[in-house]
Amino acid sequence: MIIIVKQNTPREKVSELIHSLEGQNFKTHLSEGENTTIIGLVGDTSVVDIDNLKARDIVEDVRRVSEPYKKANRKFHTDDTIIEVRGQKIGGGHFAVMAGPCSVESEPQILEITGSIMQSGANFLRGGAFKPRTSPYAFQGLERNGIKFLLECKREYGIPIVTEIMGISDIPLFEDVDIIQVGARNMQNFRLLKELGHLKQPILLKRGLANTIEELLMSAEYIMSGGNENVILCERGIRTFETYTRNTFDLSAIPMIKRISHLPVIADPSHAAGLDWMVEPLAKAAVAAGADGIMIEVHNDPPHALSDGKQSLTPARFAEIMEKLKTYISLEGKKIG
Amino acid sequence: MIIIVKQNTPREKVSELIHSLEGQNFKTHLSEGENTTIIGLVGDTSVVDIDNLKARDIVEDVRRVSEPYKKANRKFHTDDTIIEVRGQKIGGGHFAVMAGPCSVESEPQILEITGSIMQSGANFLRGGAFKPRTSPYAFQGLERNGIKFLLECKREYGIPIVTEIMGISDIPLFEDVDIIQVGARNMQNFRLLKELGHLKQPILLKRGLANTIEELLMSAEYIMSGGNENVILCERGIRTFETYTRNTFDLSAIPMIKRISHLPVIADPSHAAGLDWMVEPLAKAAVAAGADGIMIEVHNDPPHALSDGKQSLTPARFAEIMEKLKTYISLEGKKIG
Amino acid sequence: MIIIVKQNTPREKVSELIHSLEGQNFKTHLSEGENTTIIGLVGDTSVVDIDNLKARDIVEDVRRVSEPYKKANRKFHTDDTIIEVRGQKIGGGHFAVMAGPCSVESEPQILEITGSIMQSGANFLRGGAFKPRTSPYAFQGLERNGIKFLLECKREYGIPIVTEIMGISDIPLFEDVDIIQVGARNMQNFRLLKELGHLKQPILLKRGLANTIEELLMSAEYIMSGGNENVILCERGIRTFETYTRNTFDLSAIPMIKRISHLPVIADPSHAAGLDWMVEPLAKAAVAAGADGIMIEVHNDPPHALSDGKQSLTPARFAEIMEKLKTYISLEGKKIG
Amino acid sequence: MIIIVKQNTPREKVSELIHSLEGQNFKTHLSEGENTTIIGLVGDTSVVDIDNLKARDIVEDVRRVSEPYKKANRKFHTDDTIIEVRGQKIGGGHFAVMAGPCSVESEPQILEITGSIMQSGANFLRGGAFKPRTSPYAFQGLERNGIKFLLECKREYGIPIVTEIMGISDIPLFEDVDIIQVGARNMQNFRLLKELGHLKQPILLKRGLANTIEELLMSAEYIMSGGNENVILCERGIRTFETYTRNTFDLSAIPMIKRISHLPVIADPSHAAGLDWMVEPLAKAAVAAGADGIMIEVHNDPPHALSDGKQSLTPARFAEIMEKLKTYISLEGKKIG
């Protein structure tokens, strides 16, 4: 950590600050230039509150040199984390294919979709029971019943299920859910993250629309510091000035996170672009860039889906894409499951 | 609402869609160009789920022409909403000055600050009891005790208090809080918004870092559609590529919201820039641009504040700024309280 | 094109506007809702100056329904454009591999690099003679001599060359350059674009850091409307809030442009991320997403490159990556050259 | 400047780098932590090419601690720069009001506007002769004649004129232009900037849509390092995700630039929002935030303007706004001219 001292600060003020930092068991290095004086801070700086340091009257600015996350950091955990759920693995060469409808709409619907996606090679069923919607007037999901229908699919087909949680009070409903998803809008709902840190199920944490990679890792840190180290990260597009696509799929986030963290990373090409025809190129690209899995929206009847129909694939189209994806997955030396 | 039909769609498919829309009590207008066919949809389109329409196979794109929010829309409520809290008004010419520390740190601290900010002209006390922090290793607020100390200030000085809520389960603690704040990271925590819609206290809703003005109004709509129409909006900076300031203060949002909505809008110059010396110019500018209030961080000892010290003012500096602000407030034909 | 009329506009004002539009040979359709009146405009709206229409006093807003570009639009030119340069093709199944140093530094350097990249499969030599640099104190390129050395490589190896132009006055120096590159910072240097529209060499047009896909196509339109229809588009990253990568590589732009335009699109993974180790995943992803080519920085001695060393590959590393890329290129049914 | 060394770098490699840096007359400070080693670099680092350093194989990252601009830096020039043009001053308490049409359309038009804006208090006439337009099909300005008509106004009324240059070859036409404007799209047209550095007229440099404050100052540095130190900076809005306004007016840039640079800064509220009714609140806010001037579009007949009519004011509306602005200008202790 580097502390840049304000110009013309009296020497004794600088010494005072150094003294106080050393009292907190940091080593310091002073470097005085003609126009700039800096203090280097050595030690476990992840516990330093950077804002507090910045507030000191002689401090111009403070810059981190090492990362503020520890448990999610590959520096302290060099091997890939492999997460196992009901015999299906994610990470370290194991590729996850999560497919299913944006919203669970009925029991027959979700059962039918489950059968067809499994035939195409999906090894996780995704489906929304609680739906975060921008408008209070839009369909908000089947809630409790949605989860019930997903569990019915799991019973029937043995497939592990992934579904989104929106509040702490719903945790009891998620007892038999295999992977609990935290949506983009809740990525910094720190209260929820803390509670999820006490569960034992893996958490699928989606990157917020305007959150940096560092903030995504800090949110993973919230969950991990609570004791739950099974976190899967998900890139699903960020908000930029471009309007031809709903979001801008930040492909580079995949190799970047793989390099700085040991956690598995998957991609959600359906939400990234918001367009059905773009799912194939984005999915292939995500595999090529090193993703550990993908999450794709599949609906039996997209034009009549209750949500996100524009970006959903039919089961037939999903089957076609899966055929191509399998070649790319094996080219990258990975296998599904 | 405008529906753009895909090129080369057979006529009967278009007729089918028109028929189905008219069956939902919309009027339609068909306009056929050489390369583009569009259908205009007339009626209460705020209840239309735009994603569903986009998913129809013959639909290229759908564009809203009228706003998706109703209760927050000035078109249906031309007069400014004036919110009254313990005799203090906000909106319609009444200017609110909310001041206080980022975090409540102790009872003597918050009592001391309260006395000094009131003397300078503040008519609301702000202070954080629950703090959303990016790092799990940072100070998270005094929680329950923070609220207790704020209520002590209210008892002692009669000043109404504003403080942030982070989860539904904390609602009982907020019974005597005068204005409940929803922070930027929770602007789309729809579960929380719905619950707040059933309370009677005014809600101070901060704009999310990457949320559009339209989304801010849709979140207000969530609260209002539940029955609580006392919503105060707050601009506090958005996330852009610029790094010299922590966020980019979107000043234009103030006159824009005043024009399209009847709800009061305040500005938070402390969070917008994250720099103490920039509070004065941003606060003056917010008043000049038509804000109905400002929220400013004041701390008795900024260099030793437990959070956000870099952007906090001393009581003496706050007093100086308030003297200047009063001139600007009266120039705009407004008065505090 | 849709014209949204201001609320409460008198009927005769609307009729006047309709009359004036019909006088300009547009067909119109009027659609009157309870709160919103819109006028649909049918005809060749690409020549309409949308700003002029918006300025009319009864006009609330104007929205385009069809694209403002014509020559670059796939609607009017369904087949892929294939550009041929000295026997090498780009587009329509032909993949271009452009490689070479950020800056040309000396004749031996560029000759050595050319030999090695060709051996690995590159079919175009790229190299900067004129370098746009943020700082006036940084190395600005060998200029005239840089071009001379590139032409020497062309003579020696027969490889077509690509290099960037920065101003109209340099055009004479580019007479024997095979593909003239317009850099991101000049994407809207309309003066330059107009002049390039009168040349016969293909133009490689890079997307500006903050330019939309639509603006990129409009800049292509500038060149094409001057008579030069050989434009190659290039995605090289856009500017967002993310700081872990220098730019955010907008992968979706590739399939999007392929869908709406017939022009070839290539990717520049070196500039997109600014990191040598990220070139491989981004390049593979670009191929998987449908790119018609890639542009990669290769330097004989990256640590001592005069510019952009951090993102340059050694010839050996480039050779390794090319081996993998060839598999991806043929998987997509394309071939180099 | 701080050099972060890659983990596990052998000691002798670090020594080699330090040796080479000291050979370039920098002082260095080594700071070794458990996980991170950093080298502090002291001396005139503005001439260091940061990209070169980053490319060294043992270097993880490099961070600037002091600013990369020198001539524009307030650290080396504490007093405000005051620019004088034909008796009118800008900066150091002198406020400039530049007004006029987006495009010069005819001699009578521009003469009429000049008379009226001067009566309202404007002390500079602005008007576009060369217009950068996104579409090649849009009106591109009267070019040579536009300048002729502006010079006619100057002769008639004695008012100094400001107009935009788009290319080096037009410099001869600008001989009698008082202030030469560089538009947002040319902010990094380094060739043009270099040439303008050899002229003696002040340059009005507009911030690019996606350029940081630091890049704006680096572009000023280009002009200043050529010998022309009369640069006026202009904030005119940046590109963000918000779509309700054309650009996002970055108000904070004004006090930020005033603090770190001695150059005068003006605001362009007309372009920032793109909406006539928003000019007043933004202009007042810019004054309140410390701007040294404003640039406002005024047109005799906005609904029929050939460009930017939506954001232009009538002379009568401009007169009203000026009355209010004068109060704000004097409140800030400034005066026009």
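Each chain gets a letter, A, B, C and D, in the order it is written, and its residues are counted from 1.
Criterion: contacts are C-beta pairs under 8 Å (C-beta built on N, C-alpha and C of every residue); 3 or more make two chains touch, one makes a residue touch a chain.
By chain, UniProt protein names: A, B, C, D = 3-deoxy-7-phosphoheptulonate synthase.
The model shown is predicted, which means the values in this text are computed figures rather than measured ones.
A.B. asks: What's the chain with its C-alpha centre farthest out from chain D?
C.D. replies: Computed centres place A farthest from chain D.
A.B. asks: So which one's got more C-beta contacts, B-C or B-D?
C.D. replies: By the number of C-beta pairs in contact, the winner is B-D.
A.B. asks: Can you spot which option in A-B, B-C or A-C is basically A-D again, with over half of the contact pairs the same by residue number?
C.D. replies: B-C
A.B. asks: For chain C and chain D, what's the span in angstrom between their mean Cα positions?
C.D. replies: About 27 Å, centre to centre.
A.B. asks: Could you grab the centroid distance between chain B and chain C? Build each centroid from C-alpha atoms only and quote it in angstrom.
C.D. replies: 39
A.B. asks: Report, in whole Å, the distance between the mean C-alpha point of chain B and the mean C-alpha point of chain D.
C.D. replies: Taking the mean C-alpha position of each chain, the two centres sit 31 Å apart.
A.B. asks: So which stretches of chain B touch two or more other chains?
C.D. replies: Within chain B, the residues that touch at least two other chains are 210, 239-241, 243.
A.B. asks: Would you mind writing out the residues of chain B in touch with chain C in their complex?
C.D. replies: Those residues of chain B that touch chain C are 2, 4, 7, 27, 29-36, 38, 40, 42-43, 63, 65-66, 75, 210, 239-241, 243.
A.B. asks: Touching chain A in the complex: which residues of chain B?
C.D. replies: Touch residues, chain B against chain A: 46-47, 49, 51-52, 54-57, 68, 132-139, 166-169, 185-186, 188-192, 194, 208-210, 215, 218, 221-222, 225-226, 239, 302-310, 312.
A.B. asks: Where on chain D is chain B touching in the complex?
C.D. replies: So the residues of chain D touching chain B come out as 210, 212-214, 238, 240-245, 248-256, 259, 272-273, 277-278, 281-282, 284-290, 327-328, 331.
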